[in-house]
Structure formats: structure tokens, C-alpha cells
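Order of writing sets the labels: A, B, C, D and E. Residues in every chain begin at 1.
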Amino acid sequence: MKCFLRSLTLLVGLFFYASSHATDALPTLTTPDDVGPVVEQPIEFPHFRHAGDAKDGGMQINCMYCHTYARRSMVAGIPPIQKCIGCHQSIESVRDKPRIQKLFEYWDAKKPIPWKKVHDLPDFVRFNHERHIQRFYFQQDRPYQEVCGYCHGNVKAMTVAQRQKPITMGWCASCHQKDHPVSANSSETGHGPNDCFTCHK
Amino acid sequence: MGKDIREDIAWAQINKDVLKSLESPRKLYWVIIFVALLVFSVGVGCEIYQYNTGMGVANMDNPHVWGLYIASFIFWIGMSHSGTLLSAILHLMHADWRKPIYRFAEAMTTFSLLTAGLFVAVHLGRLWQVYYALPYPSERWIWPNFQSPLLWDAMAIFTYLSSSILFLYIGSIPDLAICRDNIHQGWRKKLYTLLALGWEGTDRQWRNFRVTYLTIACFLIPLAVSVHSIVASDFAMSQQPGWHVTSFPPYFVAGALYSGCAAIITLFIILRYVFRFEEYMTLPILKKTVRLTFAIAMVWTYLNCIEFASVWYSHDQVAKDVLIQKATGTYAPFWWAMIFCGSVVPFAMMVKKWQTNIPVMFAVSLLLNLGMWLERWMIVAPTFSHGYYPWTWDHDQWPSLIQWGIVFGSFGWFTLLFMVFCKIVPSVSMYEVKEMVYHRSQARKKEERAVQEELAVKGAH
Amino acid sequence: MSVSNLLENWSKFRHTHPVDDKGIPDWEAYPSDIKWAMSIDLDACTGCNACSVACYAENNLPVVGKDKYSHGQAMHWMRVERYWDEGDNGFQAEQGARFLPMMCQQCEAAPCETVCPVGATNHTEDGLNSQIYNRCIGSRYCSANCPYKVRYFNWYNYPEQENAWPAPLNQQLNPDLTVRTKGVMEKCTFCKQRTYTARNNAKTEGRPVQDSDVQTACQEACPAGAITFGNLHNPESQVAKQWQSQQVDLIKDIQEKDEKEGNRLRGYRVLEELRPYPSVMYLERVRESAV
Amino acid sequence: MSKRYLLALYNNFDEAEAVVRELRNSEIKGFNAADDLVVKSPIEHPEVEEFLGEKSVKVQWFTLGGALTGGLLAFSLIAGSQAGFYSQMKGGKPIVPIPPDLVLTYEMFILGGVYITVLGFLICAGLPAKRSPLYSAKVSEDQIGILVKGDDGSMAKLREIFTRHKALEIQEEAGR
Amino acid sequence: MTENDFSRRDFLKVLGWGGTAVALSGCGNTSIQDGQETVTSYVTLPSYVTPSISNYFNSTCAQCDAGCNIMGRVREGRVLKAEGNPNSPINRGRMCGLGLSGVQAHYNPDRVREPLLRTGDKGETITWDKALGLINEKLNGTKGTEIAFVTGGMSGHVQALLGNYMDELGSKNHFSYEAISPAVLRAANKKAYGESMPRYRIDKARVVVSFGADFLGAWVSPVHFSQQYAQFRKGSRPEGRGVLVQIEPKMTLTGANADRWIAVRPGTEGVLALGIINALGKAGLSIPADIAAVSHEYTTERTSKETDVSAEQIEKLAALLKERTPSLVLAGGAAEGYAHGSQNAAAIALLNRVLGNVGKTLEASASVPFPQIAPTVGSRSSLIALNDGLAAGKYKVVFSYGVNPVFSAPASMKFKDNFAKADFKVAFAQYMDETALAADLILPLDSAMEDWATVVPEYMAAPEGAGSNAYAQMSFRQPMMEKVFPDTRGVGDILLALLKQRTADKYKEFEDFYSYLRSAVLKNKVALGGKAGDDDEVFWNETLSKGIVPLKGIAGSVSAKASAAGLKLPVPTDADPSYPLRLIPAVSASMRDGRNANEPWLQESPDPLTTIVWDSWVEINPKTAAKLGIVEGDIVEVTSKSGSIKTQAYLFPGIHPDAVSVPVGYGHEAMGRYARGVGANVFGMLDSVFDKETGELALNETSVKISKTGQRVIIVKEEGPVGGSQAGKPKIAVQVSADKVDLSKEV
């Protein structure tokens, strides 16, 4: 009998725990990594070389130098080849590296590069890069590597980008429900939209 | 009026008779199983086609978004109610004539609920996403909409189904123990041993058993009422003319008991023949069931009239239009057939001679069931074809063969489950029949003793 | 634990909208500064169906073909209804036909929302009746409870099995919204993708949304300019001016029009008396009596 | 000290009643009628209950606990989940609407009640159990069994009582 | 276009873009498929392009001849939707359903994809070189007079190029054909006002009386007139809310929107017009003597008897017209499709003169200063001329472009047989329509959204303000995306290639039609609104981005010179008892002459009045139907002297009891999956009766009889079983009498 009561308490407790866990205590800001598949790209683009820290031999280029649409539109965008060539035509030192040669092959043929998508959302989801960059990069003035990296992981250390975060609805919500400061110096906070229709299309 | 049951029937004989039903039914049993299987597979075929192609093949359209599936859903839910009536309400009222027939009535409850559940699945446009409607803590952080009557439905049906299964099971444990004790080989032995849970009929077991059975019975009665009220809420809670009716919950409950009783009569007759239960499912019991059914039929008729009257005398012109449309429009034949089957045919049960006439009662019970099925259809469909918005009125919608096929298939599914159950679990409760026989013979003995004493007193004078 | 959240914000969660338990209209508590609304002038509407076609083009509506149309399975979010005057012996055509474009009325107290078992249709803070396609399981209860019958169900798998957009017609599909697959309900969204973009741009520029930011596809197409759309909450918007001048109040079920002037106004809402508080005001069609 | 079991079968309740009465009245060393006496019967034994003496049934407390837990759990979980992050306004109704939540609370009240009652039954009735070694299939048919447990020394006396009341059959088994 | 042509081509490329590619499987795909989809990057990207944000390209609609200015919404190299250009004086940012369906013509799966050569009954895919070579070969040794071109209405530089080509060939046989054209109106207007297409100012009129002019549906420039109509209906206008009276035997969309729809006996519109003049005179309006001389015969009683319009109605109408000026009287298709159509139109034009509307609501138009690009308008009479020529074997090589005469010519003309008599027929076609099927060589055309062209509208709408009387415009049509099918060509490119076969030297500087057009435009920079010193590139880009080139046009003039002299209207005779009903082929706003029938949106868009979709029907007045015992859905046979069709009957209150109406444009035997076999082709059964003055085919002069076939169907339509009834619900589509409302303060 006692044994039963104990187990009953345990069961009820478990149920409460699970439910409260589900409604409140899901992922926090330091989100777990959920590494996506390794994606083979037509050119093995070295993100670490371009965006990485100087001590690691990177050039610390701002993400939005190449992914320039992120702050202006829904999608971050893959830069046109023109952008790559813009710099690389004057960087003689690496011209004979195989990856650069490949790049110039595409350019000379005026053929677009068929990149593979690394961060894919379901078709019915509307994710707006612009809003997030505006909110956290411009308004809140956080470093771009943190702002981009929250969803994309530590790309500056990667060669070809690989998904690092789960990018699921619950994961999005874990951040949306947090109160974030409205601007860099403000004590006022606000959370992300919770309206289904905002993100579902 | 004859006796409900022979009082001198030996307990061992009861065991023997009932256990025989588990082994050698009449040939008709196998015919029924075969036909049920056939009908069910037709339904399965239709469902596979519908699942793959889309709900459109059922020939539903924009105003008629619900069709026979919902109507049949209510029908099957309704059918389940009389099992509870017989096993719980009559149990509390100590009407012991229910004892030989309550087990199969309860099984009917369970299986018609399972059949109703089938229609939920069949009806959904995206069955594969049905888990969205389940309240479980998901990664997505969202829950179903607890405001929706459909969710209440799901919850109520789940509660009812699981409670009914438990009730049925708890009530069968002593019988399963009998089976365990009498069947000595094969998978059945293992199954009964497992299910009987080591029941020995000790005083402790019986004591707790009695209280438990009574408690669940007490729970089941309000539950059954709430289940069909909630099903009625699917309609009554909506805003549509013809649905938004305050009297729908009692009306639905009455209809439910009605169709359930009619189904009990049908199954009574079938089981009595197939399993040779003439000794137990006796004609006097049939008579009592028939009388009960008649009473409920009159309640239903009354509530039906109330509904018409309240529509008629209200100022809700739209609801009035729907009613008139039912009686005069495209659905008129079915509507009048429903009135005939539901309110006129039961008067055949008033004829004393027919009350125990098996063929007549079989036919009557089938007609009653047809009437009750039509009733559900006549609740669902006409509102769609004659709602608030005249532009979308559409009286030409007719269920496609696919839709009909699935509805027929559900009868096969129910029959199959029910018949298989009856062959595995004793469909007459042996221990309760023994109780019935025991109590009646005790009562008779007492009576006789009293008479003798009286005679003795008289003789002394 | 969200129960603590519940207790903390109890009054917020118990708030009813747009009319409280005691029947008192409550505009002030509106959750945002945007309330999308529409008004349609039936006197200007010519019934030409341009709005309907524009809706097909904007919202990826499948063409179902004759057979399915005959079964009432058409997917037009915006349908143009044609009514006749009724005379002694049948319909009268002397004063022409009456046209009424009918689409989702984006009710403030929408009957469809409460009944969805999975919560796939909700009220958004900018006053729309949302439809989350991926959440929908196809119980069709919303449509059953819609008094206007403006919800359309995907009876078939139009994009794939029914091949509603044979290549290269599929290249026309609008990427701003999904193509719905079989088994989900859909309906007019007041061009959600457009209002979203308008709000997004206004937010980036740090200003409120104006009339010039957004037009619905039907409004944009309407050759007679019969449709006005905008933010009812902004007194400067055309739609707010129209509603006000017609003395139609979003949160009243019976409009209390001014005795003297009010009965010479022509704004009304369809099936208002059912109290769904629709967001579309129609202006009565006018016909000259002198000829 | 080892215990032994004895099972006697009787034809009807009257005989069984007489045996039980005698057993209860007798004072046999190593046998306590209140604890060591079990009556097995094919049907519920209305008369035997009386002469076995009042024994309390605790199932209803399970019922109460289960029903209350079910109801409370339902309301708090439902209201709690409605008030979660994704709370969405619906049809002009409050986000936490009381009437619908009460409907579900009611259902969960019953569900909890029924489930825990069944659980309580299993616990109180000691099911599922291994069958005792002294079990006769006759008990599920038409005979009443009386199972007693006693010290080795008491066996003879018990057996004597059973035989005196014309037991149809007496089985004995060494206890555990 | 700030960069070179290469970048534009690149931009036009169809690209899938992350998150914005077509989401076909919609709701099903809940999984995240990393690394599965391809995101193709651009090679170069103009600065104005941002992925996921639409760009708009100004162009011109090609769905009908009104020439509305559109903006194509382009994303990721795909054109998604046509929207109206707000700067256009024609459509002012608005669109009609037909125009919106233009994208479906562009992406149509049934477009011709390669040049096809007929060999016997089979078609064979050939290369462009071979196709063009074949034309060259056939033309060599063919005399100019033996070469004929049949086209629709044309304008702009394509027309100029065609003119050049014909000059090179020495052919003068250009037949501009439109199945539905206001040709009688043009002639009558020219006679009555001195201009064939004056500007109508519905927005300025207080009363509009329209004799069968469906200006909201399919007449001349409907989107433009709808704008005017919206103004006209505004109660806050200084003139107050306008009153529209529509007089026609079969209710058109305009009739459905009229304050009063008057069902007139078919063909007696002119009589009614004169009757109204007479009534106006009686009411005290001074009628010029020459008109009075004719109109006095048309007493109200006589008019009422002949036209089937009540005397009271005529007087009421006259009173209204007298009281509310200015008014505007329009004569449209329904009034003109008779042997005496020109007389009808002339009589109606007299009303405008009597009422003093000329110059007020009927304004002078302006024409473009370049005659080569001015519109060539089509007519049916030119088809008759072509047919006669073909029948006589005069033409050996025939080119057809943008027309489908095999479909739309009456069977009695035997056009198909005559067409077959030509040795070599070349069809420039987008679809395998009936005419393309009858041709020997089919050249696949670019769609209007892939091609370069300039367009000059026939009806020259003008913006409000100074100089509007001399306003004329030329609109650009430009590619919005890469070709959907790589092997199609623009008509300009084909003509240029053909010209180069003849005189290579003259055109050798033009690589393609684009360069021809560009140089032609830059050559006339000043006339086109530029300054002589402007940079060519900048000017060209700015002009293109606007899409509309306002020109200082040659202002026309209108005068009330309509004369009643020579006006003779036939007395209506009793109908031929064997063909008792008058057939009125109805032109619907979406189907028009049927050239757009393969666009599914149009097929699925219900006819506004009957709400029927995906089929044709015959409208019968309920009274007539009752007499004939016909109910809705009966399949009836409509038989004329020249042919018959079978179609479903629809009982329609908006039709005169003496008339029946069948929509045109249905009943294609070819063209594509959406058009083929849908409905019946009413063109085929028309009698060959011609307007006496212009020689136009008189569309409404066919008498028919109707017989039941015994079959019955359920009509596929949008309306439900209660038809147009609101079934006792007063607050659905509400109507209010004008004196019951105060419209003046509306916003």
C-alpha cells in the first residue's frame, strides 16, 4: 500500500514535471547543438579564412559584407560571383589555389554556382532575417558574430557551413519568449511575437 | 408471463452452457464473421482510396463539409450508451434481469465506441497529423485548443472508452477465472490465465470487487450522459441554424439510449440463436428490454417534438427554414423515414404478442436502428444545405459510393470485433447468472417457506 | 511553470474581446495599434470578377476544373455573388443585378476560431483571423461553423496529384505563401503576405503603417476602386474615415445610427446580428428611382 | 514455525456458514479466524459477508483521491497550457475560458476516478496474484471453498471441524 | 538597366532562391532537408535586385487591345503577377481579370515550343534556320500581290517593321481582323463627330444612356471606363451621383450595373433613340430642324410599339435627360450588329447632338504623331475581303499573326476551306489553335512577357490637366524574364530576320528587334520627351522604366455635325416563324473572342451574370422558356439557317423574350487542355448578313429556333439552387433608393 502511494506520488510528480518542462523550461539561450549533416558544396568555401579571427588566420570580414541582403530582406542571400571576383581578382597570391581556380571557371563561363542549402526551413515557415538583424544588430547593438551565430552557430570556425542549432519551432520559441532589451541602453524589454500567423505562411 | 430464468438450473450447467459458446457456435457464426470481414474490407478499400486521393472522393463540398462520417460517428457513439444503461443504471437499480444480457451490451458499448473512433480518423482531412489534437507536451510548445467541442469529444470518448473497457474487464474477471479453470490447453489457457489475474473468488476479492464495480458504475452514468451531451455540443455549441438548440444534449442522450436499446434487441436475437443461449436470453427478458426500448422511444419522440416546437414558436426564422427544408426539401424522404422509423414503428412494440415474437422484434429493432441512423444524418446534413447564407445553399450534395462504402465498412468492423469478442470472452456473465439464479431461488424458498408457515398456521387453526 | 504565469496575468487571460462579459465594447484594450479592415462600396462594384482572379494570382489558388467545380469544390477565396431583385413572378432585371464580393470577413469574434480542435485558426493581434495551414488536421469544424461559408477545404492534393499547375504554370506561384496540400482548410487572409511586408517595412523605418503601404490584391485590381482596405485603428486611414462617416462601429452588433443622419447612411455589415463582429463593411448599392 | 493450509469444499452457503461460525467460535491454537480464514466462492456471497465479520473496504478512498487528482490536474494543466507562451485569442473568448475547461475537468475527474479506482481494486484485492496452491476449479463452478491457515498443530482440529460439516473434499498443503 | 545587356539577361534568369522557391508540397514538408535543395547564386546582380523582394517592370498588357499599362511583379527571375501601372491614364493602376490572366498565357503549358512544319497530317519539328529558309524559298517567285497578311489590330514598331517587310515583298494585302470589333461605331463616330474614337467622359456625365455599349465589360477600354464609372457613381462629385440607363436586348455587365435596364426589341435601338428625341422635343427641348424632320414620325406610341419599351418609360427617360445635363449617350455592340447597324448608331449619335453633349462629355482625342506606329484597327469586313481573295485563289502565301479566323469566322463563309486553298500558310502562333492547325508552318511566338514591343492604344485616354487634349502615348512592352521555352521568338525578331532575307544591308546594324527598337526610339528622342543632349543610355533606361511615353499628339476635334439626313430605319418585321428568336452572341469580359480561352483562371472565373463556369450556355427569358417547355439545364439545340449548336439552357431574366444569347469564345477544337472541348462555338452558326454601310458582319442578325434534345444536365455554376434570391434575408446585398440616402458627404 505504502509502496503504491509512493509510486503514485512519483507518477503525479513526473507528470507535473514533464508538463511544466514542456510549457516553460525548454531550451535556454545557451542552446544545445544539434549538428546537421555535412553538406558537400561545389566549392569548399573556407568561412574560417574569411570571417575567422585574426589569430586563427582569418580576415574578420563582417558576415553581412557578403551576405548583404540579410539586413534588408527576408533572406540572407548567397553573394553573386561578382562579389567574390571583386576581391579575388586583385588577390594574386591565391589565384592558383584550386578553389579559386574553380571560382574563376564559373565566372569565366558566366555560370552560377549551384550551392547547396545548409539551413533549410520547411516551406510554410517565414523567417525574416531583416527583422532579426534590425532588432539585435542595429537596435541592440550586439556583435554581428553573436547575432548571426545564435542561429547559425560558430560559422567563423567552419570551412563549409554546417547547421549547428536545431532550428525547430520549440527552439525558435525558446528565444522568442525571452525578454530582450529593446535597445542597447534601454531597460525596457520585449519578447518576440507569439502570433502563429507571423511565422507561418 | 414466464420466468426470466429457470431457478433450478444448476450452476455447473451454467458454466457448461456458456463455455460451450466459446467453442462451438452454430454455423451462422462463421457466416456472420465472413460477411463482416467482407464488408469491412470494402470499407478499408474505400478508406485507402480516400486517404490517398483526398476527402473530395467522399463527394463533400464547400457548404457540406461534414457528411455521413459525422452522422455515423454520432450513431455509433449513441449505440454505446445502452450498454451503460444496462450494466450501470440497472445495476444500481437492482434490476437483476439485466444479468444475462449486460455483458454483451457492455461489449457493444466498447466496440461501438471503437467504431465511432474509426470515424474520427476517417473524417479527418489530414489523419497523419492527428497527433496535433493530442494534449501532450511537445517540442513545439503548443497545445490543442481546449475550447473546441471536438476536443471535449475526444476527451469524453477517451474517458468513456477506457472506463467502459475497464468496467467490462473488471466485470469479466470472475468469468475469466472460470474459463481459466475449465480450459486446459492452447493459447486460450494462457490468455485466460493472464487475464484472470489469479482470481480465486476469495472473500477479500469479492468484497473489493463489489465496491469497485459499484463505484465505476456510478461514474459511468454521468459519464455516459456527459459523453453524448458533449457530442451534442459539437452542434449545440455552434452557431448554425438547426444545430444551435438548447435541448440537443438531452435529445442526443435519449436518442443514444434509444438506438442502443434497439441494437441490444438485434444482438440479443442474434446471440441467442448463434450461441444457443435460449436458456439464458429468455423471452421474458426480451420482453422487458422491448418495454424499456418503447419507453425510451417515447422519450425520444417527445424530445423530438419539443425541438420542433421550440423552433416553431421561436423567432429564429433561419432555424425555422431549416426545419421546413428538412420536411419538404431534398431530404424530405429521409426525414419522414426517420420520423416513421423512430416514432411510429416503436408502436409495434406495444403489441403484446409481438413483444416476444423474434422475427417481428428483429425487424422492428433493425428499423429502429435505421431510423436512428437517419436521425443523425438529418441533424448533420440539412443545416449545411440550408444555413445562414443563401448563396451557398446547395441541395444536390449526395454522398459518393466511397462515403457509403466506409459507412458500411464500419458495420463490418463492429460486427467483426463483437463476434470475435463473444467467442473469446463469455458473452453471458456466468457468475452473475448464478447470482441471479441463487437469489431468485432463495427468494422463492423464502416465499414457499412463508406460504408453508401460513398454511401451517392455517392448518393449526 | 505556466501556472504561475496564469496566476500573475489572470486578468489578462480572462479578458474577452471585443465585447466583455457584461456586453461592454472595449476598443481601448485592443492588443495592437493595427486593426485591418475593409469596406466595399456595392454601388461602385461592377461584379466584373477582377478581384477574384487577382486573388487566384496572388494567393496560389488552384484551378479545380469543371468536374470539381460542379461538386462545389471550387477554391475561390473571393467569390462574387449575384443577386436579383425579386418580383411577383420570379426575378426582376429592371434595376440590374446586385453584386456582392464575399470573402472571409475576418470577424473579431469569429465562430470558426473557438471550434478548431488544434488551434489552427486564431485571432491575430492585428485583427486577422489567421489560418495556420500546417497546424490544420482537416476536421472542417471551422467551415461548419462559419455563417458566411467562406472557408475552402483542400478536398484533393491539388499541387501534386491533381496537377493544378502543370509546368511551367507552377512558376507563377507566389513564393510568399505556401501552396496548400490536401486536407487543409484555407481562406482569405487579407493578403497576409502583403500586410506582413508593410508592417515589416514600417517597423524598419520606425513609423506607423499608412494606407499607401499596403493594398490587398483584390483592392489593387478592382477597376472601379470599390474596395478600401487599411488600418481601422488609424483615424487618418481611408477605411477608418469611411467606417466612421457611415457610423458603423466594429464592436457593436446593432449599429446605433444617429436618428436624423444615420438612416441616410448606407454602411452595413453582413449577418452582423449573429455577433461575429465582421471586419468588412459593405456600402449599400444605390439605385435611381427617377427612371 | 511452519504454517500449513487446508482447503475444504462445501456444497452451499448454509454449510459454509456453519463451518465459518464454528471456526470463528473455536479457539484453536495457532489459528486465528480473523486472519487465517478465507472463503472462496463462485459468486458474491451475501450471507457469508455477515458471518465473516465486517471488514473494511478501502477502494473508495482511492476513488476520491483519483478523482480529485484527475480534476485538479486537468484544470491546472489545461489552464496552464492555455496561458503558455503561444496563447492565442480565439473568437472573442478569454484565453483561459472557464466553461470549456470545466467540461474537460469534469471528464478528467471521472477518468482519474475510474483509473485510480481500478488501481485501488487491484491493490486492495491483491491482484494480480499467484494462485494459492490450494485451489480447486470447483470454486469457480458451484462449490464454496474454505481455506484456512494454521500451525501444524492446529491442522487436525481444523480438519476435524471440516469433516464434521461434511466437507465434500479436503485438501492439505504444506505452507511456505 | 544601368548595366550592359548581359546583366539584364542574367537577371532575367529563373533562379531558385532559398526559402522563396516555389513551395509546392506546402504543408506536408515538416522536415528540415538540409543540403537537399540548391540555392543558385547569381553571377552578377544589379544593385536594385534584392532576393525575396519583388521588382516591378513596367510593360503593356497584351490580353486585349485596350493597351492597359501594367507592372510585372518579378522575383528571383520569375514574373509572378501583373499589376496595374498607377501612372497610366488608361487603367490608373487597375486591372481586369483578363489582364491578370496574362501570366497564364505566358506560362501556359500548351504553348507552341518549336517551329513546326506540316507534312501531310503530321507536324514535324524543324529548326528556325530551316523554317525561315523555307519561307524565303516559298516567297521567292511569288508575286507581292499573291502574299497576304492577316493580323489582329496592330500598332507600334512591330507594325512599322511589318509595313517595311510588306513593302519589301511588294504586298499590300494586310488584313487586320478582329472578331469582335467596334468597326461600325468607328465609322458612325467619324460621320457624326468627325472622329472615330473620341474620348468619352462618363465621369463628367450626370446621365449615361448606353445603347448596348458594355463599357464595364468588353467594350473598347473597359478598365479605363470602369475608373470613370467609379467617379460617375460618387455621390460626393459636384455633379452628384450619375444615373446609368442601359438599353439592350441582352443584359451585359454594364446593364447589370444600370439604374434602369431597358430590354429593347433586338434591332430597334435606333427607333428608340429617335423616339426619345421626339419625346425630348415634346418635353420642350429644342430639336434641330433636320433632326426633327426625321424624329417627328417616331411618336412615343409608335416607338413604344416598335421597340417594346413602355411609353411611360420613354417619357421618364426623356424627362431625366432633359433635366440632368450633361449626359452621354453611347452606342455599342448590341445596337450595331445589324444590317442597319450604321443607321442605328447614327440615330443614337443624334441624341448626343440634341442633348448638347458633344464637346462636353464627348471630347476630342489625340493621335500619335508617327503614322507608322499609329494603331491599325481590325474589323470583320477585312476578313471578308481576305476570304473572298482566298476563295478566288488570289493568295498563294498567307501569314497569320495574332488571329484565329478559322475559329471565329462564320461557317457560312467557308473560311477554313478557302484558307486551305493557299499554297503556303505561315502562322505566328503562341498556341496550336485552329488556324495554326490549318497552317503549313507554325512559328512559335514569345509571350507578351518575353517580348519587346511598343503599343499605341486606339482609345487614347488622357490624364486630367492641361494639355490633355493633345495627349497621346506610346507604351513599351518589355521582357520580364528569361524565355520560358528557349526556342520561341519574338514577332519583331522574326520579322527582322525575314526582312534581312530580303534586304540584308538595310538592317544589318540591328542584331535583333531590341536593337532596332532601341535605335528607333533614340532616333526620336526629342519627340519622345527627351532632350537632344540627353545621354542615350540614360534616356533609354528611364523611358523603359516608366513604360509609358507621353507624346505631344495631334489633337483632334469633335463637332456636332451628325446629320439626320439619309437616316432610314427599317420598320421591324414579324419574325420568321420557323426561326422565331433572335440570336445575340454575347461577348463576355473574360472570354472575349476566345483567344484567351486556354487560361484556366478565366475558365474558372464565373460569368458575372449567370455564374456559369467551364461551359457555354444559352440564355433564355423565363417566359420564352415556359412557352417552349424548357427548364434550366436542358440541353437544347440552337439552329440557324447556317448551322446549329447544342448547349445547356439557362433561364435568365436579363434578356428580351424575343432573343436568346450564347457567349462567344467557347467551343475550341484545339488550342490547349483548358480550352479544347469546353462549350460550343457560336461563331460557326452565324448567318452572313452585313452592315449595309461598312460591310461589317452583322453579329446580331441571325435568327434561330430552339428545340429540346431531351438531355438534361446540372449546370456547373457558382450560384446555388435558390438562384439570385437572398431568400428573405434583407441584409446581404442591400439596395437603397437614391432619394433615401445622402451621398454628398461620403468619404
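The working rule: a residue touches a chain if its C-beta (ideal position, glycine included) is under 8 Å from a C-beta of that chain, and two chains touch if they have at least 3 such contacts.
Not measured: the values here are computed from a predicted model.
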| item | value |
| --- | --- |
| Where chain D and chain E overlap in contact partners, by chain label | A, B, C |
| Centroid-based (C-alpha) most distant chain relative to chain D | E |
| Middle chain, criterion being Cα centroid separation | C |
| Chains most often in contact, by C-beta pairs | C-E |
| Euclidean distance of C-alpha centroids - chain A vs chain B, Å | 56 |
| Whole-Å separation of chain centres (CA-atom averages), chain A against chain E | 52 |
| Interchain centroid distance [CA atoms averaged], chain A/chain C, Å | 36 |
| Chain centre separation in whole Å, for chain C relative to chain B (CA means) | 43 |
| Chain C residues counted as touching two or more neighbouring chains | 1-3, 5, 74, 79, 81, 111, 114, 116, 119, 122, 125, 133-136, 176, 178, 184, 271 |
| Junction residues of chain B, two or more chains touched | 126, 141-143, 145, 147-148, 151, 388-389, 391-392, 394 |
| Per-residue multi-chain contacts in chain E, two or more chains | 17, 19-20, 23-27, 30, 52, 714, 719, 725-726, 732 |
| Pairwise chain contacts under the document criterion | A-B, A-C, A-D, A-E, B-C, B-D, B-E, C-D, C-E |
| Chain B residues touching chain E - in the complex, by the definition given at the top | 126, 317, 321, 388-396 |
| Of chain B, residues touching chain C in the complex | 53-56, 59-66, 123-127, 129-130, 132-133, 142-145, 147-151, 154, 234, 237-240, 384, 387-389, 391-392, 394, 397 |
| Residues on chain E engaged by chain B in the complex (per definition of touch) | 27, 714, 719-722, 725-729, 732 |
| Chain A residues touching chain E - in the complex, by the definition given at the top | 36-40, 69, 72-82, 106-107, 110-124, 127, 163, 167-168 |
| Complex contact set, residues of chain E against chain C | 14, 17, 19-28, 30, 52, 75-76, 78-84, 91, 93-97, 100-101, 103-104, 106-109, 216-217, 222-223, 226-227, 229-230, 233-235, 241, 243, 245-246, 251, 253-261, 263, 316-317, 320, 484, 589-590, 600-606, 608-609, 611, 613-615, 622, 653-654, 673, 678, 714, 716, 718-719, 723-726, 731-743, 745-747 |
